[in-house]
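Input: one structure, supplied below.
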Amino acid sequence: MIDKLLPCLLSGVSVGGQYALIAVGYTMVYGILRLINFAHGDIFTAAGFFMVYLAASLPLSLSLPLVILLTVALGFAVERVAYKPLRSAPRMSVMISAIGVSYLLQNLMWYITGGLAKQYPVIPWLSTSIAIGPTSTKIVTLFTPVLTIILSVALVTLIRRTKIGMAMRAVSRDFETARLMGIKIDSVISATFIIGSFLAAVGSVLYFSNYTSVTPTIGAMPGLKAFVAAVFGGIGSIPGAVIGAFVIGICENIIKMLGYTTFSDAFTFALLIVILLFKPTGLFGEKISEKV
Amino acid sequence: MKKILALCLVLVLSLSGAAFAQTIKIGVFEPASGDNGAGGKQETLGIEYANYVVPTVEVGGETFDIELVIVDNQSQTDKAVSAAQSLVDAGVSIVLGSYGSGVSMAGGEIFQSAKIPAIGCSCTNPGVTSLCDYYWRVCFLDPFQGTVMANFAMDEKAATKAYVLTQLGDDYSTGLGFYFQRAFAALGGEVVAGEFPEGTSDFTAYLNNAINDGVQVFFCPTSTTSAALIIDQAASLNVPFALMAGDTWESSVILEAAKGKNVEVFCSTFFDEKDESSTIAAEFVAGFKAWMNANPDKLTNNGGNDIVAAVSALGYDAYMVAIEAIKTADTAVPDALTLILPSVVHEGVTGAISFNEIGDANKDMAYIKKVNNETGAFDFVKTQSVADLG
Amino acid sequence: MSHVLRLENITMQFGGVVAINDLSMHIDQGEIVALIGPNGAGKTTAFNCITGVYEPTNGAVYFNDQCIVRNQPTGRMKKLYAGDNRTPCEGPRIAMTPDKITKLGIARTFQNIRLFKSQSAFENVLIGMHLRRTSNPFSATFRLNLQEEKQMRQQAMELLEIVGLGAFAYEKATSLPYGQQRRLEIARALATQPRLLLLDEPAAGMNPQETDELGEFIVRIKDDFKLTVFLIEHHMNLVMDISDRIYVIDFGRQIAHGSPAQVQDDPEVIRAYLGEEEA
Amino acid sequence: MKKSTRMIIGFLLLALLFLAVWLIERAMGTNSMVITVLKKGAVYALIAVSMNLLNGFTGLFSLGQAGFMLVGAYTYAVFTIPMAKRMAVYQYYQGGIIQFEIPFFLAILLAGVVAALFAALIGMPVLRLKSDYLAIATLGFAEIIRAIIQYDKLGPITNGSNLLKTYPTFTTVLFPFVVSAVCIGIILLLIHSTYGRAFKAIRDDEIAAEAMGINLFRHKQLAFVVSSFFAGVGGALLAMYQGTVQANAFKSAMTYEILLIVVIGGMGSVSGSVMASFLFIACSEWWMRFLDSELMIGTFKVPLLRSGFRMVVFSILIMLVVLFYRRGIMGDRELSFDMFRRRKGVASK
């Protein structure tokens, strides 16, 4: 039994860690803008392609930071171009804009790559295989959850202790009041997108070191799953998103182990619906009621 | 304003048909993007080379230029419908392709309703021809290919248990997997099956299941996109079994993925460039290589090297069969080609081609190749025909 | 003793905040009763409890002796409960949804006008009539209910005439001036054929003359439609003019109750409105 | 103009349109791109209007449309494949277990009914959710439906994840036009009935609508079921248009595409959705196709033009609409005689 379970848990925890890094981006944006940033999964994919093209001509030590920089710039640009002009528009319009951006990014990547899968460069240390008990795996599998936890602890500290963190909390509590209190809403939102994109870039490096080919639509599914993870954990809550992501990653792999492979994706959504029905605020979410 | 614009477009489109009366159009219905983009490009190369070799055809005493109308079906059945429609709209006489069975089946429906014949190059699912009266093909079928690989697994790898992994919604993958499974079970072997949805990147769960089930071979007829991931992950898991697949895996994508890794990969295919027994084949290989090497774009489309893929040879053969049909019918009217195709016989690069009543080529030879992990090339293992199988 | 509306020990608590504390009151047929109190006293919350928008933490509401809302603290709320009345009301939980309560005959207007923005004044009133339909989706779609539809349109027009908006029937609701929007809300509420009408600050934003007219208007529709009226209002002249009785609440608690004259002189009320005099 | 004259003129115009379509088909032949665009446009018009009924008129942000289309398309295909072809279509399942076929018009109706049944079941839990949670839950359900249909064990019915084909398809372009027109007509009647007014009330202000005695859940359920019924019919038409159908194609991307059509046409405008559908399909299938193929003018190779460029330009155009022209072609108005008259009136003043 342990022979079966160990590899399954290993890849579950690893996938979970990667989902977590994406989920944090979703949960932060949702917490502040009340927007499901459908384009977040595509930003994750774009980070993968940045790496593919940069590593072809630059050494890793240069391309790695450049990838993160470019991804952050992309996330920032998407917010400025597609979401900022709609700040006073109904929520549905912003969500449609997000869907439009996702459509655009996917088509753009399809065009640039010619729609073919690209091989992700090998990152020496991460891609090395090591043996664990009866099975073996890449180092990245073990490294991912560790890094995820370190990053999320850092992020939680940032939000608890720093001035920008306090501003973020204020904005997510009450948009209008925070504005009246002199908080620069736009910079807070930009900061949120920058952090989210940064984590997506890190997640992308880990993800593609493990699964080494990048296609234009590859980010869509992990993106949706990460969003489900964020809802599961209670949207707006960072520890919630991380825990939700690990739960989904592990469950998904157990389902595959049991042979119900057709349903590995569907399961995530079933979980989402169950959560929404029985605990709409997720594990750690707060209840918000509308004033009449 | 919009109406006027539409009207102009209608006019332009209808005129364009009349303006170039001296050309015959042949549609190339291949994926240039998506999961099967790499293979589709290689098949298109074969057709383009054939067009380079035979650019004109004599019909009714006049010489006609042959124009290739190339569309991208994006490896997806819904996109294939649009692509097929644009071929029909362009007024092609006959269609060649496609790499991938699902898109061929989807396109076949459109060609059938437009009454335009099509010749499949490397689509191996039986449904392509059996469900469409306007489809022929120049390659062998999955029931044969599956049986060949099942026998190979039994005989050469002494396998008693196999894991079969197929992609949901991919007709090629499901079909070949199904026939392998049936043949392997008929030979007394035991099969464990798994499916993965499109866009899967994590195959470790399937590989681990296979390890735990103690299989000796892992049969995964998938697109090259998934193949690269499967090979990489199998290598990092140090799997104790061999990976086996069908014709799609004869691709430089596989070679790149398996190079320098500790994993055994076998695939069956239609053709071997090193097989010098046929002069037609030898001539083709030499000419094709020279043509590609003279043109960097073509070389890129072939995956960056000048290894001749079997699908290129099939694309070449399909084009030649089409030319043969036009010559015999002495016209390029689709209806006439449809009537003449069943009787066309052609000595092709991949062997003699003649069609049975369903529209399939009477072919019974498969080549089995193995990836050489050190050189990053295919090693020829053996040929196998239905007769060998007894 | 049969009252049109009866509140029994209503407490509404949001988390630890007690918005209404042990409020009991009753309204009889044909009365105009006002609910007044300083800002934030819990007046609108009381309306929301009656109409089913909020579920009170404790207490019951009866409409013509039928219980429409009843609850008592359960679960986590049991520990958290900070209302005055610690003995919970009897009986199982009842929580009718707002639409059911409206169907029984309680209609309301909103403090911060909630008209259907994209619709014309006429359509706003028509929507109010939807709940009294006899058609089903099928007959309505295929126009098998032409007679009823015709009647609805006629009645809606009449209602608009009554509130003096006949000329503006096809104007977009949100393009009307503030005072007319308030009257449109009343017309819309009347369209549901209520027995009891709850008006949440109907005179807010009106000038003295408009307010006077509104007072007369309320009395008139009360008589014409045989209504009972329960209103929240800050315009004291209006309240004193038309009310039969007045309830005064402060910090969610009832501090006075009686005829306009009685309430006016009540020291508690004066203190609540003007603040504590410094000793 | 009197209402009755207006109706007569409207019907005459519609008849004229049908005649025009028929003439085009006669003149151009069934294989031309115009006909393809007209066919697909008509199918998408119905689907877009059905989605607009939910998103534009009832204010329910549902992203499940592809799932219901999938159910409709499969229902249609499964029940109309001729007996003689079943063995070959269900090649891995010994011909499947459904050993009968029904007439195609019944199958289209059944497609709608089955989709509506699914919607009724799914609606019960999800319609209680608010805006974006509803969106993501319906999106999830569409994915679940797709997974179920692809499930190997259901293969004898659905043919697993494999293609379905050889069922009856369009013989004339008028067929999708008539079916779509009838269906859209019914939706229009519903929108202009007292129930339609209730839908719009819910969209404008849920709390006020409930206070006016409108049972939120029941009306949302009604809109959801009706919308899904027509999405199912639309799915059946799409299957007929394509000639083949496969669960794999009904991804969330398909829903997004339809949503974008609705947005371009204008949320809450039936005529807008119809116009946007034809425009969208004509652009993506026809007018912008040239962007996908390399073009040489003399020896000069026009830059950027190659496979995929069409979709890039297309999505940029859509983004421009979403950002700067948010109300779409029609906003929430409808194409009507008054529209032209009022404009004239303003001009003459």
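Letters A, B, C and D mark the chains in the order given here, with residues in each chain numbered from 1 onward.
The working rule: contacts are C-beta pairs under 8 Å (C-beta built on N, C-alpha and C of every residue); 3 or more make two chains touch, one makes a residue touch a chain.
Here the structure is a predicted model, which means the values were calculated and not measured.
Trainee: When you check each chain against chain B and chain D, which touch both of them?
Mentor: A
Trainee: Centre of all protein Cα atoms: which chain's centre is nearest to it?
Mentor: Smallest centre-to-centre distance to the global C-alpha mean: chain D.
Trainee: Name the chain whose C-alpha centroid is farthest from the C-alpha centroid of chain D.
Mentor: C
Trainee: At what distance in angstrom does the C-alpha mean of chain B lie from that of chain A?
Mentor: Averaging C-alpha atoms per chain gives centres 37 Å apart.
Trainee: For chain A and chain D, what's the span in angstrom between their mean Cα positions?
Mentor: That gives a centre separation of 32 Å.
Trainee: Could you tell me the distance, in whole angstrom, between the mean C-alpha positions of chain B and chain C?
Mentor: Distance between chain centres: 73 Å.
Trainee: In whole angstrom, what separates the CA-based centres of chain A and chain C?
Mentor: Distance between chain centres, rounded to whole Å: 47 Å.
Trainee: At least two partner chains per residue is the criterion; list those residues in chain B.
Mentor: Residues 32-33, 72, 168, 195, 197 of chain B each touch two or more of the other chains.
Trainee: For chain C, which residues are shared contacts with two or more other chains?
Mentor: Within chain C, residues 53, 110 contact more than one other chain.
Trainee: Would you please write down the residue numbers of chain A that are in contact with two or more other chains?
Mentor: Within chain A, residues 110, 114-115, 217, 220, 262, 265, 292 contact more than one other chain.
Trainee: Which of the residues in chain A come into contact with chain D in the complex?
Mentor: Within the complex, chain A touches chain D at residues 34-36, 81-82, 85-86, 89, 91-93, 95-97, 99-104, 107-108, 110-111, 114-115, 217, 220, 224, 227-228, 231, 262-263, 265-266, 268-270, 272-273, 276-277, 280, 290, 292.
Trainee: Would you pull the chain D residues touching chain B in the complex into a rising list?
Mentor: My answer: residues 28, 30-34, 36, 85, 88-89, 91-92, 147, 150, 152, 160-163, 165-166, 169, 241-244, 246-249, 282, 285-287, 289, 292-293, 307-308.
Trainee: Tell me, which parts of chain B touch chain A in their complex?
Mentor: Touching chain A: residues 32-35, 37-38, 72, 74, 168, 194-197, 199, 201-202, 204-206, 208-209, 211-212, 224-225, 228-229, 232-233, 235-238, 253, 256-257 of chain B.
Trainee: Along chain C, where are the residues that touch chain D in the complex?
Mentor: 51, 53, 97-100, 102-103, 107-108, 110, 114-119, 123, 126-131, 133, 135, 137, 140-143, 149, 152, 188-189, 191-192
Trainee: For chain D, which residues are in contact with chain C within the complex?
Mentor: On the chain D side, the touching residues are 186, 189-190, 193-195, 197-198, 200-201, 203-205, 207-216, 222, 226, 268, 332.
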